[in-house]
Structures are given as structure tokens and as C-alpha cells.
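Look for chain A in each of the two complexes below; its partner is chain B in the first and chain C in the second.
Now for the complex of A and B:
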């Protein structure tokens, strides 16, 4: 309890809240990621007490991952990689004039997801991290395949076109230095291509820039503001929506935390997987992609829950759950702490402080997130031509900022055109993103797994977790035919 | 009239050039400097670079900024620094990988493309196994590798052709073992390799001791030896490879350099400032709390060190069968 109250001192609260406000901006601006914000904050925290530094890092993670959903919903530009899946139904809801409902749902479900993630960190961290250690290349391979199969589930319209889009994404992911052999593939001596094509500029280009091109192409009236709607949501209707989706929120949050706790997967994959599973388990799967509330709730709950998840291996074993916790583990040494298994046992007070910060951050997120939505809605009062120019500029600046590379600005523009062309051809964009994210995960884990087994595929099936993941995959693909058989059998039984 | 004007202009131009040259000579630096870091923000190299930048700002009296130019396993950042204007305002943060870019076919950049300023860090490779591993010394482990079936042991540590991989290859070779006798499981860095070792999915990792220290202190991993000539005073309990009868030391390092063609006086100013920083208490405290080893080589000493390492790598790459 002492630990809980100790976080409410001014020299902790002030940097903490400032970091959370910063997170709203970082998340809201495409290309700026939570990881970048943390890397920049860390040197500032060296002179503070450890809990203040950690509070800044935790705070900025939660607000930025949430705030990434705001431009995803209103402008179809994901603010952070974790908001890629938020584009699908959030933006559709916005087109129906329900944008403010969507972001309010994002805020509340982010808070609930975040809380569940932190609660799981508090309650089951040691068990979960021991489970996560059992994952190796064989299991990550199936997890990647499972994620990629979501592209078949998430794409609306033609399965064939969805597959083509996915394959383009996988092919793009093969460009650059191959981890397994160290060979620079498809780089042709070009030093930029050796680093691979970063996926954030691809995502911003495909979704955001292509939408700008589309607006210009369809000659929309440029002088009118993009949004006239006031951000007003009645709490009554909100309560109703949350109530009827409580199982989905819990399901997505738990999946988010589990995936976050795996050192080889993070918030972005968590969001996609929970979106796919939500559609699979939904009673109204056809609404997904057309502005379904479930399609908004699932990814946003999962990506914030994943933050708590990434701290699980970091605190228990001192191994990073993602890029942010990797930086945190480095920072801990500056605070005079030795990160690793000893922290969890030896620094119990600090660990309790981290738990408290995680929970209280959710309350702050609710307030600051609301203010964030409000201030973003002011921007949308500008006429459309100003907004579109703004999207272009921020997208380019943001992609430059990823690795200070002008090459990435070119990537954004090229994929803006690609995205525009693909949509003209009714080809879904999300599978391409999934292919780019999961391609390397599947390829590297398959090939390195085969190095381990000297070429035998057996380990991919005869290990308990890898076999379970394989079974889940089979069930997911056979779900529809099985359902059909059961339904017809029942109908027949009724007739007789 | 025209003649007068022309003479005036020539005079003015000449004077201006003289003035700016004089100014540059007298008071470099007159504008902010940039350190190009080839690795991501938040990593070890970046953290040291930012600390050095902060210290150099005080010494040089001009802001020193760190810019991360990542990608291509260090190729992008090193190339950027080598190709920068040779005026001393862009400083390259070199790391061990500058030696490997050419061998791996990533870039034509080698240490010969830079004027070395200073090396300020070196971390020896450590050979680490799981806590339950039956081996207590490196020779015990390597004898088991020798007598065991081919491919029985899995090693990891980082990616293909990285310092930890090369350290392993050379160590095996020194002991008379064909490096291909063990499996090398490439990873994207030391952290994922440590995770694999903790999970019992691999047998041995090579990476720096500070990276595994938390796990070793907690008793979940065991470091057999570090590849250094003498024990490190910061962790005196860890034996060296030499003590165990294998005369081989290897490790990663970090330093600063400027592009070829940078004026000698500018090089001197930068070098003096950097020497001043690394001799300070603040630097020593920073390195110690972060677990980074201090190794200072100035100017040509640093250059010779890099060149020797670069030349020696040809044989190691050949052994491994990597690259072009």
C-alpha cells in the first residue's frame, strides 16, 4: 500500500503526466511511435528517481498506443503501428458519421484492455513468463501462420484478391538483409534497400496517402470542413454497447496480454489477431469492415492490453517483451537497478510501484484521452484542402523521422499510389500490411527452426504448443464447412 | 568604372574567403556538430553516443547532436559518416561492424575510409551456458563439442557475421574444431539469444558479459569465460579464456572518426576534446553504471587496431564461409 501512495508525489506526478500528454501527440502523428518517444524520454530520466522515469515510460506507452487510433479513425492514417487494424472499422464508422462514437469506444476499451493487461501482469506474471519461454522458432512459426491466415478472414470481398494482396506484402518483406544467411536480398548494392522496406511508411502510404489521392480524384468539395459533427456521445448508449460486448472486450484483452508477453510478438500483431478472432467468433461477421463496433473494440482492447503483457518477461526474467521494454531494461541500469530475475524478488517495492503506476495510468488515460479527442476534433474544423495537405506533410515528416532517411519518404509516396491503384481494383489493403509484418516472422522462424532440427519438420508438430497452434489453425479453416454441416444436419433432424 | 568595381569585388571576395578560412582555423567549431549513430535509439551505442554528445557540448562550446541512421546491419550509418563533408562537423560513431561490411558485401566502406579520432569502449565476448549445463570451463565444453556428434551443439548470440558470431568461429578454430561442427542459430541480437538459452532451446551463447550478467547473478545462466587477456575488474569472478588455456581474445568496441580529408587542425581539436571527456570522472561513472567496458585508443593507435582487426577478419570469414 505504501508503494501505491508513493507514486502520488509531485516529482513523480508531474513528469508522468507530461509524458502522457506527449504520448497523445506522438500517437496522433503518423510515423512517430511510442518506441521513439521512450528512447527520447529515457536520457531525461537519468536524474530522476527510478519510479518517475518508469512512470513516464509507462504513461507515454499507454497514451500513444491509444492516440494512434484517433487519426486511424478520422483520417484513415494509423498513428502508430499498433493502430493498423483500427483503420478497418473505425474509419468506416467515421464515414457513417459515427467517428466520435468509434474513438470514444477506443478510449474506453483501451482503458479496460490496459487495466486487464496490468492485472494479468500483477497476478500471473511468473506463470505466464515461464509459459512464454517455452515458445521458440517452431511455435513462433505457427503463430505467424495463424496471424497471416487472418488476412483471409479480415479481407472483405474476393478471397483471391485478398491473397494476392497478402502475397505482395510477403514478397516485399523479403527485401533486405536476410537474418538467416546475412545475405542482402534484392538490394542490388543499394544501401537503402539493404535495410528492407520499413513497414510504417508502407502502412501510412497505403491507408493515409491513398485516401488523400482518392479525395482529390473524386473531386470532393475542398472548401467544406471534413467533420461538422460535435464529439458528443451519450453515456447511456455507450454503456449499452459495452455491455453487449463485454465478452469480446475480455477475450481481446486476454489475447492481447498473452501475445504481448511473448518476446517475439507485440501490440501490432496482438491487434490483428484479436480482430481476426473477433470476426471468427462474431454473430455478425459480415458487418466487419463496414463499420462494425466489434471491429473497433477488439483491436483497441488488445493493443493496450499488450503493453502490460510486454512487461511480464521484462520484469520476471529481464528479457525484453518488445522494443520499449528493451530500452527500459537499459535505462534500469542507469537507475542503479540490475534488471533481471532479481528485480522481481529483490526490488519488490519498486515492482509494486510499477504496478500502481500501470493502474493509475488508466485513470489518467481516460481523462487525457478525452481531452486528446477534443483537441483533435478542433483540427477537423479546417476545410478539407487544408486537412489533406496536413496529412501529406505529417505523413512525410513522420516517415522521415523513423530512421532519418529520405528514402522512406519516397516509400510513403509510392505506396500511396499503390494503395490508390489497389483500391480502384477492389483489392483489400490490410492483407498486404499483414504480409509485410508476418512474412519475416514466418520465414525466419521456419528456416532457423529447420537449422535447429537439421532439416526435420517433426518439431513443428510434435511439441505440445506447436501442435496446439497447428490444431487451432486447422479448426479455423474448417470452421465454416463444419458449421454448415452441423446446421444442415440439425435442420434435417428437425424435419424428420 | 567597371574595372574599379571588378577589383573591388575580387578584393571583397578574397577578403571574405580569407576571413572565413581564418575564422574556421581559429575557432572551430562555429556551428552545431552531429554524431551519426548507425544503431537505433535506446540501444547501447546510442546511449553512449548521447552521453558523449552531452559532454562534448560542454567542452567544444557548440551543441553536439546525435542522429540515428540505422539499417543494413550498420551499413547505412557508417556509409553516411564516411561520405559526409570532411569539415569535422559530422562525426561518425564507428562500431566493430565497420570491419565486416565489405566482407559481407553490404558496402565498400572499410576502416580505411575514416580518420580515426578515438576509441572509448571495448566489451569482451563471454561464453555462457544454461545453469544446468554440466560444463564448468570452456575447454570442457569444447571437448564435448569435439567428441560429440556433428551438429549436437547449438550456439547463438546475434546475427550472421556479427561480432559475437565471428568470436565464436575463431574460438572454435583456435581449439581445432571446424566451426561447422556446431549449429549457429542466428538471432536479431543478444536479447533474443538469451531468451532462447533461458528456455533451454539452445546450448551456448556468445555475447558481452554485461548482457548476461543479470541472469548469471540470478543463477539462471552460467558464464564460463570471457575472451579477454585479463579479468575485468568490474566482474573479477569471471575467468578469462587465456586462464583456461585458450589464447584468444575478442570483443566489440565503439569509437569516433571523421571522413578522410578533414583538416588536421580540426581533427586535433576534436581529438583533444574527446580525450578530455574520456579522462573525466563523469565518463567513468557512466560507463561503470551501464556495464560498458572502457578501452581508450587515440588517433593512429585506434586506426592500427581497426586495420589489424580488419585484415585478420578475412581468414575468419573464409572459415565461416560467409559473404562474397
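Now for the complex of A and C:
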């Protein structure tokens, strides 16, 4: 309990809260990521006590990942990569006049997801870490393929078009220097292309700028505010929604934590996989993509839960789960701490402080997140034409800021046009993003796995976890035909 | 059976074209003569382009044998596009390109000011408001990106 109360000292509390407020703005501005905020914060923590620095980092992670869902819901521009999946139904809810409900649902689910992630970190960190470390190239390959298979599920409309969009996304991920051989692929001597095409500008272009183009193209409702509702929280209706989706919240939070615990797979992959699984297990899968509350609940619970997950391998083994925990590990060493199994023995008090910070951050997230929604909703009361101009300039500067590279602004434009054209041809956009995110993971693990086995694919199937992942994949593909057969057989039996 | 040229055909042709271009480009990769060389840089793109070509063929077949109600005509892509609206899109694209080309020469502040003022004007914002919004956006962006996040925004001949 001492550890719990110690985090409420003013010299911890004040920087922690300030960092969380910063996180709201970082998450809400496209192009600024939680990693950038953490990188900005770390130098400020040199002279602080370790718990204050770690509280700032944990706090900013939670608020920025949540706040990324705010522009995703109101403007169809994901504030952070982890909010890509939240765009799909959040924005549709906003178009239906349920934007207020969508963001408050986001906030509550982010808080619940974050709490479950931290509780799992507290309760099962060593067990989960041991499990996560059993993942080798073979398992990561299947995990990536499993993630890709979600594209068929998340596609609105034709699955064939969804698969095409996904393969194009994976192909885009092969542009640039090949990590295995160092050969520059499809670069044609262009230094910018050698560095590959970042997925954040692709995402901003496909979702955000294509939407700007669509609005400019129609030039309708230009003087009307983007968001004209009052942010109201009806605890009764929220309670009802949460109650009927409690299984989904738990499912998405657990999946989010598990995926977060896998080094290299972060909150963005967690959100997409949870969204796909939610659609797969939903009684109303056709509502997904049309403003389904389940489509909002699943990714927003998972992306915040993944934050707790990323801390599991970081604390237990000193292996970063994502870019943020990679910076955290560096910071911990700077504080004179050695992350790894011994940290639970030698630094038990600090570990308990970290757990306390994680849990208390959820309460702060609820309050600050609500204030963040209120503030952003005021900005979105400006007429659409003003907001459109703002989205354009923020998207451009935000994309530039990722690598200080004007090439990325060009990527935003190209994918804005591609997204606009794809939507006119009823091609789903989300699988392209998923393909771009998962492509490198699949390629790298497939090739290294094959090199290890001298070209034999057997090792991808004869290991327990990889075989289980393969089986899940098969079941997912056969789910619909089997369901159809069962339904037809039942109907026949009833008739007879 | 549909004989008219439809959207499925266009998408199918684009897929086959992309797949073919990728396959022809990977021929120049070291050891990139086929999908057999597992350690070669062409291995994965070759597999993907073959899948894409396959999907393209399926898409074309879908355009021929698919259900009539599921298939949109090729003209539907351009349906409802009026020339004035199309001009709007072209102007916005041109402004984007202007920003990309000019920002490293004119600097972030000058280029953004020109870009924003032109976008605002095109979106129907009146002169005084246009100038105010332009100034406010630039100040916010400069504060957030340059001052707080230490992003080095391009500095040109003026700013």
C-alpha cells in the first residue's frame, strides 16, 4: 500500500498529470504519435525520481492512444496509428448523429481496456512473458497471416476487393531496402523510396485526405459545423451498451493485452485483430462498417489494453514490446534500474509503484479524456470549410514531422487520391493499411524461417503454437461455409 | 453473361498490370528470376504479384459471370462528377503539389500561408476571416511542432 500512496506525492502527481494532458493533444493531432511524446518527455525526467518519469511515460501513452480516436471519430483522420480501426465505425456513428455516444464509448472502453491490460500485467506477467517468448519466426509468421486474414472479415462489401486491397498494401511494404539482403527494392536509385513508405502518411492520406477530397468535391455543408451535438453522457444508455457488450469488452481487452505482450506487435495490430474477431463473433456482422457500437468497442478496448501488454516483456525480460517501451527501457537504465526478472526482486517497490500508476492513470484518463473530448468538440464546432483546411495543413505538417521528410507529404497526397478513387470503385481502404502494417512482419519471419529450415515449410506447422495458430486460421476461413451448412441442416431438420 | 465493360474488369486489369510490372521489375533483382530463391529480395514480391494477378483474373471473371446487381458499370466511377467539382479537386491537388515543391525553397511559414490562404479562398472563406484563420493555423502549428516538439520545419529564403 505504501507504493500505492507514494505515487500521490506532488512531485510525481504534477508532471504525471501534465504529461497526460500533453498526451490528449498529441493523440488528437494527426502525425504526432505517442512515441514522439515519450521521446520528448524522457529528457525532462533526467533529474526526477524514477517513478515520476515512468508515470509521465505511462500516462502519456494511455491518453494519446485514446485521444487518437477523437479525430478518427469526428473527422475520419486517425490521430495515432492505433486508431486506424476505430475510424471505421466511429466515423459512421458520427455521421448518424451519434458522435457524442461514439467518443464517450471510446473513452469508457479505453479505460476498461487499459485497466484489464494493467491487471493482466500485475497478475500474469511472468506466465504471459514466458508464453510470448515461445514465439519464434514460425509463430510470428502465422500471427501475421492471421492478422491479414482479418482483412477479408473487416472488408465492407466484396471480399475479393478486400483481398486485392490487402495484397496491394503488403506489396507497398516491400518497397525500400530489403532487411534480409540489404537490396533496395523498387527504389530505382531514389533515396526516399529506399527508406520505404511509412504507414502513417498512407493512413492519413487514405482516410483523412480522401475524405477532404470527397467533401471538396461535393462542396456540400461547407458552412455547417463538423460536429453540432452537445457532448452529453447518458449513464443509463452507456450502461446498457456496456452491459450488453461486456463479453466483447473482455474479449477485446484480453486479445489486446496478449498481442501487446508480443514484442513487435503493438496497439495498432491489437486494434485491427480485435475488430476482425469482434465482427467474426458478432450476431450482427453486417452492421460493422455502418456505425456499429461493437465496431467502436472492440478496437478502442484493445488498443489501450495493449499498452499494459507491451510492459509485460519489458518488465519481465527487458525486451521492448513496442517503440514506447523501447524508450522506457533506455530511460530505466538511465535511472540506474535493470529491467528483467531481477527487477521484481530488487526493485519490488518501484514495480508496485508502476502498477499503481497504471491503475490510477485509468481514473485520470476518464477525467482528462472527457475534458479532451469537450475541448476537441469545441474546435469541431467551426464550419466544415475551416476544419477541412486545418486537416489538410495538420496532415501535411504531421506527416512531414515523422521523418522530417517532404517525401512523406507527397505520400499523403498520392494516397489521398488513391483512397478517393478506391472509394468510388467500392474498394475497402482498411485492408490496405492492414497489409502495409503486417507485410514486413510476415515477410521477415517467412524468409528467416525458411532460411533456418533450408526451404522446408514443415517447421511452420510442426510446432505446437504455430500449428494452433494455423488451425485457428483454417477454422476462421471455414467458419462461414460450416455455419451455412449447419443452418441449412437445422432448417431441413425443422421442416421434417 | 455481361458483355459490357464494367468496374470489375477495370479493377482486374489494374491488378494484372501491377502484378506484371512487379514481376518484370523483380527480374533485375539479384537471384530474382523466380519465387524459388527463398533468400532473394524478389521472393516475397514475386509471390504477392502472382497472387495479385490471380485475384485480378478472378475479378474479371466476376465481372463476366457475377450477379448483375453486384456489378457497377465502368461509368459509375465518374458518375455524378461535374466539371466544376472536378476543377475543385484539381486545384486542391495542385496546391498540395505547390506546397511539396515550394516548402524547402520558400520555407514553411511562407508556403503554408500561401497554401492556406488559397485553400480557404477556394472553400469560400471571406478575406478577413481567411487571413485570421491562416495566421492562427500557422501560429498553432509553429508552436506545437517547432517549439514544443522541436521538429525542424523547412526554412527557406524568407522564413
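In this section, the second predicted complex is superposed on the first by the 496 of 496 C-alpha atoms of A that agree within 3 Å, B and C clash if a C-alpha of one lies under 4 Å from a C-alpha of the other, contacts with A are read in each partner's own complex, and residues count from 1 in each chain.
One rule holds in what follows: a residue touches a chain if its C-beta (ideal position, glycine included) is under 8 Å from a C-beta of that chain, and two chains touch if they have at least 3 such contacts.
These figures come from a predicted structure and were not determined experimentally.
Looking at the shared chain after the overlay, A:216 reaches chain C, while chain B stays out of its contact range. Once chain A of one complex is fitted onto chain A of the other, the partner contacts of A:389 are limited to chain C, with no touch recorded for chain B. Residue contacts after overlaying the shared chain place A:192 against chain B, while chain C stays out of touching range.
Once the two complexes are overlaid on the shared chain, A:263 sits against chain B while remaining clear of chain C. Look at A:451: by the touch rule set out above, it reaches both chain B and chain C. Of the two partner chains placed around the shared chain by superposition, chain B is the only one that A:340 touches, whereas chain C remains out of contact. After overlaying the two complexes on the shared chain, residue contacts for A:433 are found with neither chain B nor chain C.
Look at A:87: by the touch rule set out above, it reaches neither chain B nor chain C.
In the overlay built on the shared chain, the residue A:43 is in contact with chain B alone; chain C does not reach it. Shared contact residues of chain A, touching chain B in one structure and chain C in the other: 36, 40, 180-181, 183, 404, 451.
Every residue of chain A that touches chain C in the complex is listed here, in rising order: 25, 29, 32, 36, 40, 158, 160-161, 163-164, 167-168, 170-171, 174, 178, 180-181, 183, 185-186, 212-213, 216-219, 222-223, 385-386, 388-390, 392-394, 396-397, 400-401, 404, 406, 409-410, 413, 416-417, 420-421, 424-427, 443, 446-447, 450-451, 455. Residues of chain B that touch chain A in their complex: 40-44, 46-47, 50, 54, 67-73, 75-76, 79, 104-107, 151, 154, 159-161, 183-188, 191-192, 194-196, 198-199, 201-202, 213-215, 217-218, 220, 289-291, 322-323. Of all residues in chain C, those touching chain A in their complex are 7, 10-11, 15, 18, 22, 25-26, 29-30, 38-41, 43-45, 48-49, 51-52, 55-56, 58-59, 62, 70, 72, 76-77, 81, 85-86, 88-89, 92-93, 96-97, 99-100, 103-104, 108, 112, 115-116, 119-120, 122-125, 133, 137, 141, 144-145, 148-154. Partner chain B is touched in their complex by these residues of chain A: 35-36, 38-40, 42-43, 133-137, 176-177, 179-184, 191-192, 194-196, 263-264, 313, 317-320, 323, 326-327, 330, 333-334, 336, 338-342, 403-405, 448, 451-452, 454.
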